[in-house]
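Look for chain A in each of the two complexes below; its partner is chain B in the first and chain C in the second.
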Partner chain A sequence: MILLLGRRLLEAVGVLFVLSVLIYTIGTLVPGDIAQQMTGIEGATPERMAEFRERLGLDRPLLVRYADWLGDAVRGDFGVSLFSERDIGADIRAQFPVSFEIAVVSVMLAVIIGIPLGVYGAVHTGSILDRLLRGLSLIFFSVPTFVSGVLFVWFGSMFLKPFYTSYYIPFTEDPLANLRAISLPCLAIALPASASIIQMTRSTMISSLQEPFIDTARVKGVRETRVRYLHALRDALGPVVTLIGLMFGALVGGLIIVEQIFNLPGLGRGVLVAIGQRDFPYVIAASLAIATVYIAANLVVDFLYPILDPRQRDQE
Partner chain B sequence: MAVLAPASGPSVLSVRNLVTVYPGRDGEVVAVDDVSFELSPGEVLGIVGDSGSGKTTLARSLLGLVSTPGRIIGGEIELHGRDLLKLSHKEMRQVRGREIGMIFQNPIRSFHPGFTIGWQLIEAATQHANISRREATEKIVEALTWVGMPEPAERINDYPHQFSGGMLQRVMIAMSLLNEPAVLIADEPTTALDVTIQAQILELIERLAVDRGMGVVLVTHNLGMVASLCDRVIVMYVGQIVEEAPVETVFRTPAHPYARGLLDSQPDRSTGKRLTEVRGASPQMTELPSGCRFQNRCDYVEEKCTEPPALADLSHGQKVRCWISQRHGLLPTRLADSDHRDRAESTGLSGK
Partner chain C sequence: MSLVELDRVSVHFSRGQRRTRSDTVHALDDVTLTINPGEVLGIVGESGCGKTTLGRVIVGLERPTSGEVVVRGVKRSRNQRPGANARNDGFQMVYQDAAGSLNPWKRIGWSIGEPLQNEGLGKAERRRRVTELLDQVGLPGQMIDRYPGELSGGQQQRAAIARALASKPRLIVLDEAVSSLDMSTQAQVLNLLKDLADQHPVNYVFISHDIAAVDFMSDRIAVMYLGKIVELQNSAKDTHPLVHPYSITLRSAVPVPDPAVEKGRSRIVLTGPVASASDLPSGCRFHTRCPIAQPICSEEEPELTEHQLDTSVACHFAGEFEHLYRRSSNSNTQP
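And then the complex of A and B:
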């Protein structure tokens, strides 16, 4: 099992490397000349642009530039922004915790809402609450975040003042103000996420409850609550944990809209601004940070799976 | 063991007029229709029938395990003189595992994949007895030794997927005897196993009855298993008992045409007789013919068969639900013997 996990870890590093090549190449090759962008339309004489390219090292071959960049990147140095000339690494390190916090809180919220309701739906299939939940989760799942987000901003600013601020304060500075700033955006993300957790939990739990080992537990004389919430739920959790892991991985990079709507200084908004400015060193670095979280989330799922399902442990 | 009332007669389990139904789209399906039988300690009672005969529903009904929306709507299940159908959920839970044990068809899927064998056995051992973990462990190791598992003390830390199906069925049997129940219900216990393993499991079940005095209800479609293991047989057809008799009697002189058909469709090396099938298929539960339910497949069918026959005594403890054998005292020599029928068909004499 340790061998398997070790291999997964190596694979993850490999994937990250391949990704860095892809992202760097794409980031460099996209149309929109950085030199032209930076010198401005009027001042873009061929001489000035050539001078600029030389200063940025853009005249060197791609491979050399990549190797150079990679050498700095593994040491955490992603260069300076073409636009603000600020240190990209420092900017990302400031923005990343904001997105990470929102993603963690949102997923936790989604899990807290989703798993119990999904279990309820499975145990009381066809009950009024079950049908209501299925309808509601369909709605929450279908409404796009840019609609629900705006509704949350409007609703929060009108009726839920204690839960709404339009500026972000880090948790370490003022926990309460921090929670005020992130509670509504997190809810906006957690509702559709919990909808898919409800669906997944409900369906895996229903099939777990029909497994023959559930009969075995009942035949032993085990209490029905224990049959449901230990035997069946334990079996149903595997796919749900996978879903949660993937959800989390996708979230950190998927916050662009929510961060924009709620004015949060996270990675998503940073990327959005950088794309608008053709600030490619920043876009490359941020994309890589997002990809790293995604791969890490997958890795955590890979590590958790054998714990939840012993059958996975003996597989090569 | 909680014996609340003195048992009436030697029976440990008496089932009387049990009716279990499933509501269906086309009306209610009576899966177990007015079934009665007795089980003595140490006796192995075979319940034989096709799939859809209600034998598994009957087995599950005994433990109150009919899956919703099915339910038991009538009858009595008396264990040690106490009607299980009148018990509360909590009382029924006390019966399960402690007074009636059950083993299932598919041992691999009948264990939780996420817990060790030891964990699952200890759960069973501590369910009805207030014993420490160490005592429970001793108990389960002893039970595993009894069913013939090598190195039980080490293997209790393994997960179900690390065992073979046959070994898991042994573990299942060990689990069912932890609380020494008076009755064991075995629902097709060898169907999912390799043929060479089947005999070992059957031998274990026989030892449960002979050495430990358990009454065993063995549900199966395998007549060979019935012949080698059972004392008495109940043959079920579409929810009803059609024949009940000591095992030798059924094999020598089956009284119900369906029972005879079942026997003739089993290979028998000693006679080398040609196999015959029971023609046709069981009627749908929702479209039962009035009268005998076997009439459309029966070679002996006559006018009287449109009236429902009752399960009546013939002799020597043989009961049958058939007008013809009730009138003759046994099933007459086959009128439409297979050879006879073949000849009739080939000469175009078969009455259309």
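And then the complex of A and C:
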């Protein structure tokens, strides 16, 4: 168990390293750089741009720059933003909790909505509500976040005025105000996510309900709710947990859009702004932070499996 | 009073949206059967003949399309959840797939002890009872904390039997309960079942495609073909030979342990198409494969009638097999 954990952590470090190389190289391949952006504001001449590049060290070879950056990064120093000249590490530490909170709350919401409805669909297959749920989840799944997000903003500011606020306040300062601000963005992310949880739960649950041990439980005289949740859902949960783990990673794309639409000071919006400014030190640092969360989520799922499934536990 | 009576029970499954005739699978047709207290009823037939459906109807996991199930004199209600009656009736089922019938996420002890929760037993008392049950089926006590996947096939089947015994049932339907085990384990489990029947006031319905195992276990034998009972033997197996051509064929397929006898024995091999349960042949359902089929067999369906004491057969030519078979095989060899 410990050995496995160690190996997985080592693999995670490897993935992060490869990722940093990739992002660093791609960053130099993108047309336009920070020098153009900065001097563009004040009127760009080739001389001024060259001078600027020299000042920032951008005229050095790629390999040298990367080694330099890596040396600082492993010591936790991600440098300063090329644009604002603020400390990147501090900025990310401030933005990260916002995104993390939205991601966690969204996934929780999606699970709370998705699993019971999925179970209902599996138990009452073909009923009117089941068909309605399948239709609705198809719609929720298909509407992109940039459309549904805008609709949510409109709905919130038109009809939920006393409740919804668009100013983000950290949970630690005012929990209620915080929940008011993140409720709608979280819902915008959670709805399509819950749609896929409904579908996954429904289909795995349908096959679980056909297992012989379900008949056995019924013949034992076990109550039907217990048959459904304790016997069948437990059996059906494996693929759903995998899906939730993957979802956590896939949320990043949704976060960038939703933070932009709902004006939330998170990592996603930070990345978007930084890409526009060609502020690559920031983009790399933020990407690595997001990748770390993604890897961590999958690590958690990997270690949840043996707990959920006795068949995958190590034999003594 | 008989334990269970089936009165003209049919189970039809419809496939697809359109309920046309060929979409309906006749799993059981007009089965009338009585199970008396203290006896083992054997049900034998090839796969797809409706044996399992019959077992599921008896336990209450399947609702009959038509006909009545009477349990100890009381008609079973038609509109109940599958399996809901089993606890009150005291009926249990042991499946061929023992591994699948035990919840893979729960320890053996938990699965066996779950019905005991209904009796309001405390945790320690439940554990004591489960250990007792494990001992009765010949499993060591430490198996109580194992998961089903950690047991061998024979051990899983023993655990499944212990599970069925836990709720002190009146009747256990053993649906191909030993078919997935290898021969030596099969013999052990069959002997175990016999011993348990001596210790507990429990009836068995023993379902199998293996007529030798059915012979060994049963006091009465029902032979099924395509959803119908074609022969019912109400007495001990050795006193009367089976009469229906299908039963005779089934038994002729069992090898005899004595090589000298086996060598001189002729085996009846069926030819002709196996009829489908969704497209039933006219007349007698067996006539497409019957070695002694006559013109009347494809026209008129024989009823299950008493042929001799304790034997009911559904065949137009019951008792004439030897004679007709010799004649038809002669005519085949000399055209």
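Throughout what follows, the second predicted complex is superposed on the first by the 291 of 316 C-alpha atoms of A that agree within 3 Å, B and C clash if a C-alpha of one lies under 4 Å from a C-alpha of the other, contacts with A are read in each partner's own complex, and residues count from 1 in each chain.
The definition used in the following text is that contacts are C-beta pairs under 8 Å (C-beta built on N, C-alpha and C of every residue); 3 or more make two chains touch, one makes a residue touch a chain.
As the structure is a computational prediction, the values presented were derived from the model and not from experiment.
*Asks:* Given the superposition on chain A, are chain B and chain C in a clash or a fit?
*Replies:* The answer is clash.
*Asks:* Please indicate which partner A:269 is in contact with in the superposed arrangement: first for chain B, second for chain C, both, or neither.
*Replies:* A:269 contacts neither chain B nor chain C.
*Asks:* Classify the contacts of A:180 with the two partner chains as first (chain B alone), second (chain C alone), both, or neither.
*Replies:* neither
*Asks:* Touch check for A:309: first (chain B), second (chain C), both, or neither?
*Replies:* After superposition on chain A, A:309 lies in contact with both partners, chain B and chain C.
*Asks:* Touching A:218 in the superposition: chain B (first), chain C (second), both, neither?
*Replies:* both
*Asks:* After superposition on the shared chain, which partner residues are touched by A:278: those of chain B (first), chain C (second), both, or neither?
*Replies:* After superposing on A, A:278 lies clear of both chain B and chain C.
*Asks:* Touch check for A:234: first (chain B), second (chain C), both, or neither?
*Replies:* A:234: touches chain B and chain C.
*Asks:* So chain A touches chain B in one structure and chain C in the other; where do those two contact lists coincide?
*Replies:* Common to the two interfaces on chain A: residues 211-213, 215-222, 224, 231, 234-235, 308-311.
*Asks:* State the interface residues of chain A toward chain C in the complex, per the touch definition above.
*Replies:* 211-213, 215-222, 224, 231, 234-235, 308-311, 315
*Asks:* So in the complex, which bits of chain B are touching chain A?
*Replies:* 63, 65, 89, 93-98, 101-102, 104-106, 109-115, 120, 123-124, 127-128, 159, 161-162, 172, 175-176
*Asks:* Mind pulling up the chain C residues that touch chain A in the complex?
*Replies:* Per the touch definition, chain C meets chain A at residues 59-61, 81-84, 86-87, 91-93, 95, 97, 100-105, 107, 111, 114-115, 118, 147, 149-150, 163, 166-167.
*Asks:* Could you list, by residue number, the parts of chain A that touch chain B in their complex?
*Replies:* My answer: residues 211-213, 215-224, 231, 234-235, 308-311, 314.
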